[in-house]
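Have a look at these structures, which come just after this line.
Paired with chain B in one complex and with chain C in the other, chain A is shared by the two complexes that follow.
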Partner chain A sequence: MRGLRYAFVLTATAFMPLAGQRPLTVTGIQSLTFGTLLPGMPSVVSRTDAVKSGRFDLGGPHDTQGQVTFTLPSVLTGPAGATLPLSFGGSDAGYSQSQNIGSQVGFDPNQPFLITFSGQGRGSIFLGGTARPAPIQRAGSYTGTITLNLTAFP
Partner chain B sequence: MKATGLALGLLCGAALLAAQGVVIAPHAVFIDARTRSGAVLLYNPNTEPVEVAVSFFFGYPATDSAGRIVVDSIRRPDSTSVSAAAWLQAFPRRLTVPPLERQTIRLLATPPAGLADGEYWARLVISAKGGQLPVTGVADTARVKVGLTLEVRTIIGVYYRKGAVHTGVALSRLRTAVVGDSLAVWARVTQQGNAAYIGTAHAVLTDSTGRTLSEMKAPIGVYYTMEPRYALAIGALAPGRYRLRFDLSTGREDLAPELVLPSPPVRDSVEVRVP
Partner chain C sequence: MYTASKAAVATLVLALVAAASVRAQGVNGSITATATVQSPITVAGAQNLAFGNVFPGVAKTVAYSDATNGGHFDVTGQASTPVTYSFALPTNLTSSGNNLPIGSWTGYVNGANSTSGGSAITPSATPAGASLSAGGTLFFFVGATVTPANNLPAGSYTGTVTLTVSY
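Presenting the complex of A and B:
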């Protein structure tokens, strides 16, 4: 009986915080794509490129603010420890409250960016960047991780 | 019960999203010292499992020199800080959320004996990594292939309240400047009491007849002292004298009223001169 009561309390507790509150979502929709890379030829992807730019969709309770930051790799790691430089400029990220790639406010992905979930409580972040393979870049697969951090305030 | 149903309904609505990440509710957790426990519900709206890792740190919103709101992360909070990060635990700390399923993370507080009344803060980090992420960018050449994966980290506030908690805010140094087609507004706000001030900032620009020309509302959380900067769109304002009224109140649309600590509104105003 005590076990049942404990289980009930745990279950009830689990749902209590939901009262009156709405969920928060951060969704990776599309990764940043550089296409074919040729040694010695930088590849630039614009944040307004619908096919190649990275995209994250955000959602949150109306009237909530959040801080967006990125953890970005400066290099991609490849075969036998080889690296491929990756850079992100001061306007390589963009935020669209309407989730329209053609209607963005640009920002520096290396700096925190404040968003407010207003209206429909959604928004999208777009990300561009530049990959710079060296003229003697070692052949093989290079990988890295782009992390988006959303800190919800109250 | 109705609110719970609404929240669950919203969670299910998010299932239409088909990508990587989890839906998290609530966006702030308030733990009462009598129960010492809380919970966060995760929902995976995707078709692939999501690996989730959970951790805590101590941090709070502050402002930088430009008045932008940023999160101050304190890696090693001292013994006088109101950090709850060291004595909050999450169960489980690592989990896999199957497609279209929910999982609950339970939070348990084990505060030190003799903890003084007040509110203690931590930030809960929920890192989500999909098992089969949309790794794109694999070049169609054998020479150099690139694959970038995405990871998302959602950080929410956790508030542990013990005994009598009360809050308030002191407002000073209200000032403005016309910057292009905007009116920049700064104010110094300092938290009072033993809990964070969670409320709404409201600014109104009026002309000499009292007519509203521009208005702004923004959520605000005051944990210590901060000087946020706001901007009101004013367009091409005719030269003259105007008045900027600024107030802070504890009303919030995103939080249940019982979670927000009440405090009387605080107001100030300044004259704005447009040359």
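Presenting the complex of A and C:
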């Protein structure tokens, strides 16, 4: 009986860190927008571009760490299945613990990246990239989906 | 002993449950990436501005509406999209170092290939605005006047009229 009581204590202790803390969340805030492009003319969006860069807001237990990975499209898809090549360079993503686009730590969105949530349990990821329309790129609207995966370790 | 074993098993089971509950958690969210590709602009010189034979001391005018001799440019691009255009115009036609003055430029711009239903313009280097038609076309028509001097040497005189169009 004393052993059982001990087991319950252990279990309760194990659950304790999760109680009363912010849940793990990822919210897509702003699309990565390349705007109007001309065939044959690449367009670069910087992660510090407040209007065009993509943005995700993250939430989680304060002062803890999490791992960020992206599922990135290699093309945008347009009219009649036409594709527009898209690429992401080694510093096209940035993390801001203060959620300020002006104070980011750059990282490679093609690689896992370790983040630390702020004291309020928040953070933001900003994303830039390069679209490269071919010289004979078909006119029209192109879209793709970018997914951010966040894993936290208690 | 029996009680102790039961307690140990219970502890293990509950510890496993606890361990499972604190395992790494994952969530995800998505945004879209978007781009709009426009049709490139093409400008084609469709018909030369042709004055034909002119005589010393006699000015000659070709109207933009002259279907045979007026200058024509055909433009294509993104449908229903505004563009800016400008002309680079010669002040003389030349032949072996001799000049034949040209000026009094007239013009017309239209989404259709016609000199009616559009707008009269004065061709110049100053950028002006127009809009591509719903079919992505724009047509420019150009006329001018040449003023041969009384002592202008005979010859074939030419010059270049350039139209630049951009989004």
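Criterion: the second predicted complex is superposed on the first by the 131 of 154 C-alpha atoms of A that agree within 3 Å, B and C clash if a C-alpha of one lies under 4 Å from a C-alpha of the other, contacts with A are read in each partner's own complex, and residues count from 1 in each chain.
The criterion applied here is as follows: a contact is a pair of C-beta atoms (placed from the backbone, for glycine too) under 8 Å apart; a residue touches a chain by one contact, two chains touch by 3 or more.
Please read all numbers here as calculations on a predicted model, not as lab measurements.
Student: Let me test your reading of the model: by the given contact rule, A:101 touches which partner, first (chain B), second (chain C), both or neither?
Tutor: Neither partner.
Student: Please indicate which partner A:65 is in contact with in the superposed arrangement: first for chain B, second for chain C, both, or neither.
Tutor: In the superposition, A:65 contacts chain B only.
Student: Looking at A:44, would you say it contacts chain B, chain C, both, or neither? Reply first, second, both or neither.
Tutor: It touches nothing on chain B or chain C.
Student: Classify the contacts of A:76 with the two partner chains as first (chain B alone), second (chain C alone), both, or neither.
Tutor: Touch status of A:76: both partners.
Student: With the two structures laid over each other on chain A, which partner does A:140 touch: chain B (first), chain C (second), both, or neither?
Tutor: both
Student: Touch test for A:112: chain B only (first), chain C only (second), both, or neither?
Tutor: first
Student: Could you tell me if A:31 is touching chain B, chain C, both of them or neither one (first, second, both, neither)?
Tutor: Touch status of A:31: both partners.
Student: Once the two structures are superposed, pull the chain A residues common to the chain B and chain C interfaces.
Tutor: 10, 13-15, 17-18, 24-39, 54, 56, 76, 78, 84, 131, 133, 137, 139-154
Student: Mind listing the chain B positions that touch chain A in their complex?
Tutor: For this pair, the touching residues of chain B are 3-4, 7-8, 10-11, 14, 17, 19-30, 35, 37-41, 43, 45, 61, 68-71, 104, 106, 123, 128, 130, 133-157, 196, 198, 200, 218-219, 221, 252-259.
Student: Residue numbers of chain C touching chain A in their complex, please.
Tutor: Those residues of chain C that touch chain A are 3-4, 6-8, 10-11, 14-15, 17-19, 21-22, 24-40, 78, 167.
Student: For the complex, which residues does chain A have touching chain B?
Tutor: For chain A paired with chain B, touching residues are 10, 13-39, 54, 56-57, 59-65, 67, 76, 78, 84, 112, 114, 116-117, 131, 133, 137, 139-154.
Student: Quick one: in the complex, what on chain A touches chain C?
Tutor: Interface residues on chain A, with respect to chain C: 1-4, 6-8, 10-11, 13-15, 17-18, 24-40, 43, 54-56, 71, 73, 76, 78, 84, 86, 127, 129, 131, 133, 137-154.
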